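Presented sequentially are two complexes of chain A, the first with chain B as partner and the second with chain C.
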Partner chain A sequence: MELSDRKFKVVVIGGSAGSFSVVSKILSQLDPGFPVPLVLCLHRLKHVRSGLVEGLNLKSRIPVVEPFDKEKLKPGVAMLAPSNYHLFVEFDSTISLSTEEVYNHSRPAIDFAYSSAAYSFREKTLGIILTGANKDGAKGLKSIKDKKGYTIVQDPTTCDVETMPQSALKLFEPDQVLTPDEIVKVLNSLVD
Partner chain B sequence: MNSCGVMTYKEYLRVLKEHSPYDFSDYSDNSIYRRIDKVMRDQELTLEQLSERTRRDKEFVEQVVEAITVNTTELFRDPAVWKYLYEKHLPSLAANNFINIWHAGCSTGQEVYSLLILFNELKLLDKVRVFATDISRNALEVAKKGVYQNQIDRGCIENFNSVFDDKTGDNTRFLKYFDVDEQQDRIGVKPFLKEKIKFIRHDLVKNDVPFYNKVDVVFCRNVLIYFNVKLQNRIVQRFHEGLYNNGILILGAHEGLSGFFKTKFDRQGPVYKKSNVFHLRY
Partner chain C sequence: MGVTLGINDLKMVTAEMAQYPDMDYSGLSFSFLKRRLTYVFEKLKVRKLVTFKERLSESEFREEVKYHMAVKVTEMFRDPGFWRSVRHNIFPALGERFSVWFPDTPSGEELFSFLVLLKESNLLDSVDIVCQHPSEKLCSEISLGVFDSRNGELNHSNYKRLEESDRFEDYFTNENGELTFKRSLLKNCRFRTKAAGIAEEGELFDFIVFRNSGINYSYGRHEELFKEIVEHIRPGGFLAIGVKESISGSLKDYLAVVDDKESLYRKPGVKNE
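Moving on to the complex of A and B:
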């Protein structure tokens, strides 16, 4: 089955150390008619509250916003988890935020974004994990796989820091291990 | 039961509602489910066993409620917001005889004390009366004691000084409000702040308000995010009714009001001011 036939309801991208340039690259090459809501969960410095969304918007071909609580996901819009909040994807395609405990030393925790999307949209979830120096995201991405969603791990040889993709690979076998260029290709193949 | 004959979280929440005073059915799905999941893992219980104990053991229910409610808070979280309140907004309350405040969902109290410190710096503390409410017994106990661990490490003094643009570096201002034990990384709120606050146990899901005064300020940051839109609206309606005209509602940095309520409050930065617009009740 073609990936575009799977009618994904959300794409969740998680990343940490070194991921800014990769995310920026992906967004700058994305088809402006990208048909699926995109969620970005990136580890960021707690004290730097602004700048990231502006930085990503500079090159992105789709709008990047930091959502308010209960904001609805929109096709072709990237929602960036706000600093110092966890982000959950809900059944009704809204975003819930949370200030509960730091998880994997992180808030936002990528595991929460992945596993909530998997829980809400099951096989209609596409998860991508990028470069990072932390094990956050591995379990969550596996939960997407367990629900028959589609999972992509950035090829560790193309990562600034390979800990995060490696932890995912240790835990389960993703559908694809891809370079950033190949990730862009897969995403753009979702456009009809 | 679902099609596989397995109990679902929703059904557990219904059991909890029937056998206790607590109703979590309008909480945001994902976060409540995950927290119940955590209780199950910590207690090594299945949902059926959890329900069984919930039906017959009241003290256990209290433990579950403590475990599934979120109690994270910090002193001066988001310094920019506090700075704005201090410089732009709170000074206008000086004309009032009394300043009544409802801190809804105060958790362990750090932000109630943060707010009182702003009023003291503005020399308005004498006029202030605070009702601080929360669902969690344990959190309220901590709030009343006003002793906090590991706050210095998390930058509470830096946050504090940045709110007041205090660059002296000697922390005199901070020490007016807190007894500090740096070795233990422990700070204790001074009694003159603590005695201003009336702590009341209260569940925001319930329709009552646990005091009779109208208020000038409703402070409710990062609490509504745990509720679905329906419940959020019900609570905001109650805040609206409880506020004097021109009273203000302060929400978290990424919380907003839904369409209808946008017309009943004017937004000014992080502050929502009750507008004089008259609406028939929908």
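Moving on to the complex of A and C:
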């Protein structure tokens, strides 16, 4: 079965230290007709509300927005988790935000974004974990795998900080371990 | 092993809770309820649904449930730009005497941020504030004005982003790992133990601060709740919501935007003194 036949309902990318340049690279090489809603959950400074979305939009070939609570996911639009809010993917294809307790020292917590997407869309979820300096995201990505979704871990040898991908690799065997260029190829293969 | 809550469990639990005063949580979104009740079950060491249901008959247990359902605000002056906008855009328009309502006060951070701001604008004697939460224990805790000093640095750095001056340490004493704010800040503040968002009939306020609570509600209840809250804004008064919340439905056209970025709105009309 081709990956494009799986008709993913959401792609969730999580990252922390060093991930801005990787995400920026992915977005700059993504097919403008990318057919799936994209969620970006990146650790960021809680008191800096602006700058990141603008920075990502500079090179991105699809729009990058910071969603409001209860906003609908949109195919071909990347939604970036706002600073100091957790982001959850809901059954009705909306985003919900929350100021609940910090998790893994993080808000947004990548584990929450992954696990809510897995819970809502099960095997129709594609999760990608990138470079980062803590273990956030590993359990959530595993929950995507447990629900028969598709999981990709950035090749640790290409990471600025390999803790986050390594934490995932210690926990389970993902579908693929890829370089950023290979991740772009996989994502673009989802375009018909 | 904790309790795993499915949709039917949540419906059953919220129906049971709603039989008690100020415990109607049925308007909360399912995903939030699932997370929050899981958290509450862990905090109260409840491992079976049936135990939870039985223990709801105990008033002390219900109080603990209401206490832990609250999502506490973890820092003072969260979103410094918001507080700056309140000072510049709201305070000058409030008149000589004004009333403020916090319809859901899950912790003291928002309230004490507001009180410090009022103090620095010489408005502390001009205000009447109502702080509301269904948990008596929580209201009592907030009224003590005690905060964990581990957040002191974050609170201070947020304050510094807001203020040109640096007088933050004038407002509290720092002892034994706790910051205790001056009681005098609370002189025109009263606490009301009542469910979130429900005011007294006919009660009107000049400014309602309801930030980041609405996001926990389902889409339908969110819209209803906001309509109810807006009814309690005096004509020409103001509403603050979270910076990532939006006003939906008919209210979107009804309320004037004061500061789009900081989610501050104004009800049409003129205040009748």
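Note that the second predicted complex is superposed on the first by the 192 of 192 C-alpha atoms of A that agree within 3 Å, B and C clash if a C-alpha of one lies under 4 Å from a C-alpha of the other, contacts with A are read in each partner's own complex, and residues count from 1 in each chain.
Everything that follows uses one rule, which is that a residue touches a chain if its C-beta (ideal position, glycine included) is under 8 Å from a C-beta of that chain, and two chains touch if they have at least 3 such contacts.
Everything numeric in this text was worked out from a predicted model, so none of it was measured.
Clashing of chain B with chain C is the outcome of superposition onto chain A.
By the touch criterion defined above, A:Y85 lies against chain B and chain C together after alignment on the C-alpha atoms of chain A. By the touch criterion defined above, A:S96 reaches both chain B and chain C.
Contact with neither chain B nor chain C is seen for A:P37 once the two complexes are overlaid on the shared chain. In the superposition on the C-alpha atoms of chain A, the part of chain A touched by chain B in one complex and by chain C in the other spans residues 47, 49, 66-70, 82, 84-85, 88, 90, 94, 96-101, 116.
Against chain A, in their complex, chain C makes its touches with residues 29, 31-32, 35-36, 39, 71-74, 78-81, 157-158, 161, 212, 214-216, 219, 222, 242-246, 248. For chain A in complex with chain B, the residues that touch the partner chain are 47, 49, 66-70, 82, 84-86, 88-91, 94, 96-101, 112, 115-116, 119-120.
Chain A contributes residues 47, 49, 66-71, 82, 84-85, 88, 90, 94, 96-102, 116 to its touches with chain C in the complex. Within the complex formed with chain A, the chain B residues making contact are 28-31, 33-35, 70, 72-73, 77-78, 80, 155, 222, 224-226, 228-229, 232, 252-256, 258.
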